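Each remark here refers to the structure printed beneath this line.
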Amino acid sequence: MSDKPTALIISAHAADFVWRCGGAIALHAEKGYDVTVACLSFGERGESARLWKEGKSLDEVKAIRRGEAEAAADALGAAHLECFDLGDYPLQLEKDDKFKLVDLIRKVQPRFMMSHSQYDPYNTDHMYMTQIALECRMIAQAWGHNPGETVLGAPQLYLFEPHQTEQMGWKPDTFLDITPVWDKKRAAMECMNGQVHLWDYYTRVAQQRANHFKRNSGGMSGGRDCKYAEGFQSIFPRTVDEL
Amino acid sequence: MSDKPTALIISAHAADFVWRCGGAIALHAEKGYDVTVACLSFGERGESARLWKEGKSLDEVKAIRRGEAEAAADALGAAHLECFDLGDYPLQLEKDDKFKLVDLIRKVQPRFMMSHSQYDPYNTDHMYMTQIALECRMIAQAWGHNPGETVLGAPQLYLFEPHQTEQMGWKPDTFLDITPVWDKKRAAMECMNGQVHLWDYYTRVAQQRANHFKRNSGGMSGGRDCKYAEGFQSIFPRTVDEL
Amino acid sequence: MSDKPTALIISAHAADFVWRCGGAIALHAEKGYDVTVACLSFGERGESARLWKEGKSLDEVKAIRRGEAEAAADALGAAHLECFDLGDYPLQLEKDDKFKLVDLIRKVQPRFMMSHSQYDPYNTDHMYMTQIALECRMIAQAWGHNPGETVLGAPQLYLFEPHQTEQMGWKPDTFLDITPVWDKKRAAMECMNGQVHLWDYYTRVAQQRANHFKRNSGGMSGGRDCKYAEGFQSIFPRTVDEL
Amino acid sequence: MSDKPTALIISAHAADFVWRCGGAIALHAEKGYDVTVACLSFGERGESARLWKEGKSLDEVKAIRRGEAEAAADALGAAHLECFDLGDYPLQLEKDDKFKLVDLIRKVQPRFMMSHSQYDPYNTDHMYMTQIALECRMIAQAWGHNPGETVLGAPQLYLFEPHQTEQMGWKPDTFLDITPVWDKKRAAMECMNGQVHLWDYYTRVAQQRANHFKRNSGGMSGGRDCKYAEGFQSIFPRTVDEL
Amino acid sequence: MSDKPTALIISAHAADFVWRCGGAIALHAEKGYDVTVACLSFGERGESARLWKEGKSLDEVKAIRRGEAEAAADALGAAHLECFDLGDYPLQLEKDDKFKLVDLIRKVQPRFMMSHSQYDPYNTDHMYMTQIALECRMIAQAWGHNPGETVLGAPQLYLFEPHQTEQMGWKPDTFLDITPVWDKKRAAMECMNGQVHLWDYYTRVAQQRANHFKRNSGGMSGGRDCKYAEGFQSIFPRTVDEL
Amino acid sequence: MSDKPTALIISAHAADFVWRCGGAIALHAEKGYDVTVACLSFGERGESARLWKEGKSLDEVKAIRRGEAEAAADALGAAHLECFDLGDYPLQLEKDDKFKLVDLIRKVQPRFMMSHSQYDPYNTDHMYMTQIALECRMIAQAWGHNPGETVLGAPQLYLFEPHQTEQMGWKPDTFLDITPVWDKKRAAMECMNGQVHLWDYYTRVAQQRANHFKRNSGGMSGGRDCKYAEGFQSIFPRTVDEL
């Protein structure tokens, strides 16, 4: 797909990638990554309350949500936005849908992947998405799936931050400093007109995680200053040459 | 203490550092680290069965264990071996003992620290040691402890591999390739004359972990070859600028 | 549906609601709640051993089980019993079946919901039911699902007591005193002619939970006396104005 | 001690009660509770970096910290502030110290108690404090401890919010709306001159928890508005007469 | 100590062994085991409410509790009752106390050991006791502890049933049929005059566990009938020659 | 099916049973068990990289994998090998497929069953298989499923060892000495020509588990010598007459 390093974000609904890993997208884009965002649905049924209250039709809601997602992806510098349009609440993938996601994974050959937390009692689409992401990652590694195609290596699957971390059993092991690209993340969030109250909510999330970045990089004795950060949980262990 | 980067290993008994992180010591020594190994006891009462069967006295056992530890530390290229001689089975630290460990932590100012798993029903000294390591790390960060001294930053505490990982609830998140220094680790293990049966046991551990290194760095599609590895579990999250 | 406060019990098989939350149903009915019980199956295949041993046909088994469930619901004072008749061992819901459950949830607009534990290696229908309950609760909250209908708020989902609590990882955080309605629960249990041995089993469960009620409300120093109780685990946090 | 309902906060260091449950203190004080705050140490060694950097002596640090704690307790409307002055980093209680805490518990006869999370690898004083709180709660319930005194009932022990919730394995099950007393909490935080950067940090915590309060009390369909909230984890189950 | 097989029960307070593993004691005694019960305290301060209410002195309470424990041990057929008289609420062992427990472990050379659950927020003596049991088991295995004595092998440590299993995170993996010795257990319980309400409570526990015994040995298709049972959680894995 | 005792292994892919429980199969076969191995797929797509690299077709891959599985089953002395040929990566069972597995379970009437770990982020077929095994075990117990057939009792479901135990949350509670049949297991492994690098890997696994067998059967004081072992995790508790 590209000579550049690549990353793949797998998002159940159109807006998730903005709040949860918009900073990681923008930062890696600036570093030269070719970042692909896959939205399996637009969140049209379950995450567009304002539009429904205004009396929009399903097609209108989807078109508006698509537009917002595209604007946000642009603002973040994502190279590609792939909308699967599979419906939400509930999101459900048949075998062919899974294979389309496998095709994308193989096309992108990501250095790292991202998806939701493994548990979410408020939003079962989220945990279903991660289960599918693991399943499709596995299929993409199979030499017997579309023999001849380049199979996938073993990219990390990072789980981005869910809305109520403790209820979801999500525990970050990696904090990423997104201060240099904060303006882009804020701009992307402001593309989401239906969720204005979340603009400040996720700004505060980024500020709290920045405090954790500082604390964990040395605290009051040499901790690096940081204004905005994002946290991630890894599924797979790292392989390193130095600790 | 040194202009070099530093690391500190905190081991309940004299031999633990050899089996569990000998490769990490040797590898970082080769990379220019000044590595300090702290043995809180010699493992004289609980981990020297062969010597007791031979009728040795307590002093003899301790002297022999100290000698083996020194030889192993040399073989690994550790810069310093600090023997606290606090007794084992059970290991117990009073407040002054803790402060001596704090002194060492501050002197070393480690980039990373290592100790045991957080649970070990077979060996309560091990889990006690990790509890103390966390406590002393915290004291070393306190500006009011010996004011004027350089306080500690926020180094990672890696937990090295216990004997029966699953029983101890230990889950590695980092695999380190120790192939380049394998001969040194094997040599260090062979300094432990009382535990000959463990030489091959921990050789096999390193081979199994190498398989995991390869699998997690890409598996059959680009995974990096590796002959010997060690696994570690991190207590604290990482702070990074790129995923 | 009603001006009264409402509650919704979601039960995989016809009898589960009797043993596991019959007291909660009767107590809230007495307090003026309009309680709806949804049985997704009759437990005809997997929980009617005695009837099959007697040579009954499938239709006969279902009719008998329905009759028992109706009698028990009456004894408890439940306002509605909804039998979905979807089959058991295994219970399986297609998208349309889920939407029927969503319709019911929206019609009831429950102040609280109840279902099974989240894990049950003995009975996979049970854990599947809870997964579906969470999924349908989410769909019922979606403004884009049948726009114009009243969407669901955020009712608690209580998990009622499974048969072997420890194996199922179920941990109660709420004990309900059902002493005032005990006779109704016992009467409802006695409607279940095929499981006579469980009448005493669940009487003892209620007595043990009463001991826990007393102990946790003050124990030997002011604990409130209680003869029969039921325990529940909450999925979602409470929002309160006083602790 | 009082005809009023009572509450007891057990804090390892002088400032913890302000950040973590200042709202709960102020709110219950307004509701007529007699709230006692016990500070086992002043946090003089480990949580007073700014003062040490200014060259203060230990006595000066302790006096300043005591002054701040008193001012904050006043601002919150706490009825009593009990300073045990047992030292920090590490905090350590001998049997007599424990008995003094038991004396206080019995004197207060709290309707509820509060302390730290059960795990905290950054701050072992915190988890030690909770272990001691449970131990002393148990001793206070013993009829044979100072026979003749009024023994303790079974008050809830709430765990207040630690600094990095996910690392501490802390999961809130109760959100308390502290909007009516927010000004008092903010004023109390501003008594803490050495930790100015935390004023905004814990303001944001309260705003995030308010979002969770709203979401869990009904979300977009009837969720109650809330500007500031605090979260708590309960150790013991509740005993209720209605769900 | 004996040519017979042996077992060792380590109980924080005098009565624990009766309620929690009286059946196991009686059954193994009948099978020819020499069973030793170690009570580290009499439960005089914390578990003798009735006696204190009657105005007994500490010495009287201890004497009465000792008498009850002896009677119960006799009723169960325990070969030895060792009272350490170390005090309760809190129970605390110094190094010498631990060594006395080690002496007993070595003298008994048990085929299996028993103690409390690993977590108990209601009773910190219980979890402390198990921590000490693991520590002393380890010391008893040390060749350098009192060289010349017979060291301990690797007996299982079973955790017997706590009062509120789910709160303590206790999960049984072994059910023991105690029907043949039920009368002895009931008789032993009736030696405990201060806790009459627990006679029926633990009778019901045994009946519920019997249901679990039957269900897990085959259920409605060949499950073995059982009237009374006890449940245990194992700390260590089993080593077998057939599954 | 047989007068002999029976066992049933449920394997997602053709080779899993060899590496993970080949010793248990051979040992029980020698003890007179009639062991049935069910392979739900051949692992043709996901676990046959070498064959695909050689340019084999799907049918060729399946034929070769079937041949290897048959040879391995013979080498181990398994009485029956049932190939379901349902496809892999992903493995998916419709209701009819489940009923075929139920038929087999009922035909075999196993004393014990075996399958994969309950979590495996590397291989979602594995965890899916175990979920299905539990579901089908439940259906096989239902008196209303094909009335007249002999229903299943309550056989243990052992989870055999996954590739990276700690990542899968797998914790063995049973070690089986397979030294007497080691040659058969090695011979069976050597039937797997496509995974030569695993021959030594699983030889080392068996040697490490032998060390654990010895350690847990008595360690340095009477532990039974053992050269090769396998570990298993039980889902259900045991019901016993002696501890």
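In order of appearance the chains are A, B, C, D, E and F, and numbering begins at 1 in each one.
Basically, a contact is a pair of C-beta atoms (placed from the backbone, for glycine too) under 8 Å apart; a residue touches a chain by one contact, two chains touch by 3 or more.
Since we're looking at a predicted model, the values are computed, not measured.
Colleague: Through how few touching steps can chain B be joined to chain D?
Modeller: Minimum number of steps from chain B to chain D: 1.
Colleague: Using C-alpha centroids, which chain lies at the maximum separation from chain D?
Modeller: F
Colleague: Name the chain whose C-alpha centroid is farthest from the C-alpha centroid of chain B.
Modeller: C
Colleague: Would you mind working out whether chain A and chain D touch using mostly the same residue numbers, over half shared, or mostly different ones?
Modeller: same
Colleague: Rounded to the nearest whole Å, what is the centre-to-centre distance of chain C and chain E, using the mean of the C-alpha atoms as each centre?
Modeller: 36
Colleague: If you average the Cα atoms of chain B and of chain C to get two centres, how far apart are those centres in Å?
Modeller: So the centroids are 52 Å from each other.
Colleague: Would you pick out the residues of chain F that each touch at least 2 other chains?
Modeller: Where chain F meets two or more other chains at a single residue, that happens at 49, 122, 141, 143, 167, 172, 212, 215, 220, 236-237.
Colleague: Mind giving me all the chain pairs that touch?
Modeller: A-B, A-C, A-D, A-F, B-D, B-E, B-F, C-D, C-E, C-F, D-E, E-F
Colleague: Can you list the chain D residues touching chain C in their complex?
Modeller: 7, 24, 27-28, 31, 112, 141, 143, 150-154, 156, 158, 172-177, 212-213, 215-224, 226, 229, 231-232, 234, 236-243
Colleague: Which chain E residues qualify as touching chain D in the complex?
Modeller: Interface residues on the chain E side: 44-46, 48-49, 52-53, 58, 61, 88-90, 92, 121-125, 167.
Colleague: Using the touch definition from the top, list the residues of chain A that touch chain D in their complex.
Modeller: Answer in residue numbers: 49, 122, 163-167, 169-172, 197, 200-201, 204-205, 207-208, 211-212, 215, 220.
Colleague: Which of the residues in chain F come into contact with chain C in the complex?
Modeller: Touching chain C from chain F are residues 95, 98, 131, 134-135, 138-139, 141-145, 147, 157, 235-237.
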